[in-house]
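Provided herewith is a single structure, encoded as structure tokens, for subsequent inquiry.
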Amino acid sequence: MRAGVRGVLPFAVLVLAWAALARSGWLPPVFLPPPAEVARTAGEMLADGSLWAHVGASLGRVALGLAVSVPLAVTAGVFVGLNRRLAPVLEPIAGFFNSLSGIAWLPLAITWFGLGWLSVTFILFNTIFFLVFFNTLVGVRTVPRILEQAVRTLGGRRRHLILQVLIPGALPSIVTGIRLGVGFGWRALIAAEMIATTTGLGYLIYDAANFHRTDTILVGIIAIGTLWLATDRLLLIPVERWTVERWGLVSRTGV
Amino acid sequence: MGWRAALATWAALLGGVLAAWSLAAATLPMPAYVLPPPTAVLEALVDLARKGILPTYVGESLRRIVQAALVAVAVGVPAGVLLGMSRRAAEFSYPLLSFFQSVSGIAWLPLMLIWFGFGERTILIAVNYTVLFPVVFNALLGVRSVPQIYVNALRTLGASRWRIAWAVLLPGALPSIATGVRLGLAYGWRALIAAEMLVGANGLGFMIFSAQPFHLTARIMLGMGIIGVLWTLLDYFFLRPLEDATIARWGLVQR
Amino acid sequence: MTAKITVRGLRHEYVNPFTRERVTALDGVDLEVEDGEFLTVVGPSGCGKTTLLGILAGLVPATRGTVLLGARPVTGPGPDRGVVFQEFAILPWRTVERNIAHGLEIQGVPRAERAATVARFVELVGLRGFETKYPHELSGGMKQRVAVARTLAANPEVMLMDEPFASVDAQTRITLQEELNAIALATRKTILLVTHNVDEAVFLGDRCCVLSRRPGRVKTLVPVKIPRERRTWQLLTSDPSFAATKEQVLRLVREEVGAGDTA
């Protein structure tokens, strides 16, 4: 309860400062609309369903990107990680593609797939796939050999090693990869939506800029921040808590 | 596997990819702009380098990211450490920082276009914003996670508040700061590419984006290659050593 | 008595990855472990004790020679030979009971039967009340109890132990040694335990096998003529025959350490 108050208070102070600044007349309203107006715009957009449509479009793309790339990336990462000759060769290549992740794929995506959801999904796929693949690969390679040996002496076969040792052992890394993938993917999505689509939060705010609708832009920005925090708090952190922390493991980062 | 063998495998792999790429470009029944051969990318490199466009664009992009990095270190680190020194300030700013960190600079871009106009200033502010917040956020987290016993040990020696900050809090927070700088720059580099696409008149993002409508795909691929290589070099020779030096040297483990 | 484990003419070579030198770790090891026997293996550090155990487990390939389990040659790891490792090789993502059940799970034993077996071994190693804990919540001694229970629950023909108590504190080690002795007596398992600790080797073994320095081979087999039922540290510290055997083994090991360039 107290933690909740403590979390809300800074935002309340921020909104009050914003209201005071807007009221002072120092900035024209077209530059900075007062919070009340932004709230009214948000209310209208919620009522007529347009905000939901944009939120749904953005979230749907992230979900699609995750659903396509994570299973592929984890599978590929585990199998490459199992191969002692291939893994050290492919690791830096995956690292290179990580450094290219995100919006840099957009021009090529538009050339290949045209404007639209396919291009956006392609960008999300590239961003999430390589981050998760790289982190899975690194994770598999850092699972202590002794755990593999122990399960082999219990009669475990390749299937047991993969499902009961390598994947759980690599999970801290995999979760890190997914968190980074969603983080980078979400940012790339917003940028891509500004250019390549006519729905989604990125499109909403970029389009609003053409009409100097700062109130709409602020609604979009708040939605973007809130959605990311909600995803992180309600989905990614609980997953980490349920696996990594419960098992007493330490999570690792890797961009 | 020794580095010689790794290098040989690498060379073989690169040769194989280039051969397959050339073969696909030569035989697949599609227009040349969809998949130009590797030689076209090389030609684009020579052409743009000779015209002086490439050095200028690379220089502009590097100038912007280096400037943002310097500001983030000069302003972000002290700000984060100062906020972290007081429990109240830390608790107050934590939710705000995590919110602003999660809204990427690109999401602010439409608003910044209205505030600062269509040009260099907007690009710089968007990139600085993107790099700064992860640095401040992680510096604050780093200071808060320094074990209290170190602070108490110095207090019993009669150290002042500022000496404690300098001798204990800053070094203790360094691993976290290094992670923040690395993450901030990774986000910032991508935000820069996106900003250059949307409002730029030069830079690598502008280069690949402006090539798209003219189907100069070789130029896009060249730009992507340079974006990836530049980041890999920056990461390998600067950011990773920074992180490794702080974490490995002091035997600190990053959570 | 029949031999449970037979080792004949065993040789193991490997290439040192840094110096690229060819090293012979074991050369001409001949050894028989009888059914139900507790055999301990001691030797100077680097004599190939752990390599020998790895070959018996099937995790390390032999360069030459044969290893038989009963009459079957050993070709790879298998559930007929359970291994307890020096490090706590239990899975961090499984609770105590799921770690102990792991071997049975792999063998495809039905759930109800599994639960009964697990309960029995939890009781045997004294982990009642900790069934649903994760390894990181346990002390080093408790982790090694889990490892022993996991190995025994899979009902192997022999149990191979590689310095199982090297990573726990001295007080716990004494307790675990006494517990292991009691468990060995209760289950009548054939056990081969590798250690560098002479006290431990003499305390636990029916016979104590001293390996020579590298390349390791069997130097001497020293029988310990104290009934295992009577072995507790309290009784043995004042037992002259225990002291004499310990002295004998210690001398044999020291000869090997002194024989080399200061090992």
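So that you can tell them apart, the chains are marked A, B and C in the order they are listed, and the count of residues begins at 1 in each.
One rule holds in what follows: a residue touches a chain if its C-beta (ideal position, glycine included) is under 8 Å from a C-beta of that chain, and two chains touch if they have at least 3 such contacts.
Remember, it's a predicted structure, so these values are computed and weren't measured experimentally.
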Among line, ring, star, complete and other, which best matches the way these chains touch? line
In terms of CA centres, which chain lies closest to the overall middle? A
Report the inter-centroid distance (CA atoms only) between chain B and chain C in whole Å. 52
Distance between chain centroids, defined by C-alpha means - chain A, chain B (Å): 17
Note: chain C sits from chain A at a C-alpha centroid distance in Å of 49
The chain A residues in contact with chain C across the complex are 144, 146-147, 149-157, 160, 164-165, 168-169, 171, 243, 246-249
Contacts from chain C onto chain A in the complex sit at residues 57-59, 77-79, 81-83, 85, 87, 89-93, 102-103, 106-107, 134-137, 147, 150-151, 154
Which positions of chain B touch chain A when the two form their complex? 1, 6, 9-10, 13, 33-34, 91-96, 98-100, 102-104, 106-111, 113-115, 179, 182-183, 186-187, 190-191, 193-194, 197-198, 205, 208-209, 211-212, 215, 217, 220-221, 223-224, 227-228, 231-232, 235, 253-255
Any idea which chain A residues touch chain B in the complex? 6-7, 9-11, 13-14, 30-31, 84-85, 88-89, 93, 95-97, 99-108, 110-112, 183-184, 186-188, 190-191, 194-195, 201-202, 205-206, 208-209, 212, 214, 217-218, 220-221, 224-225, 228-229, 232, 250-253, 255
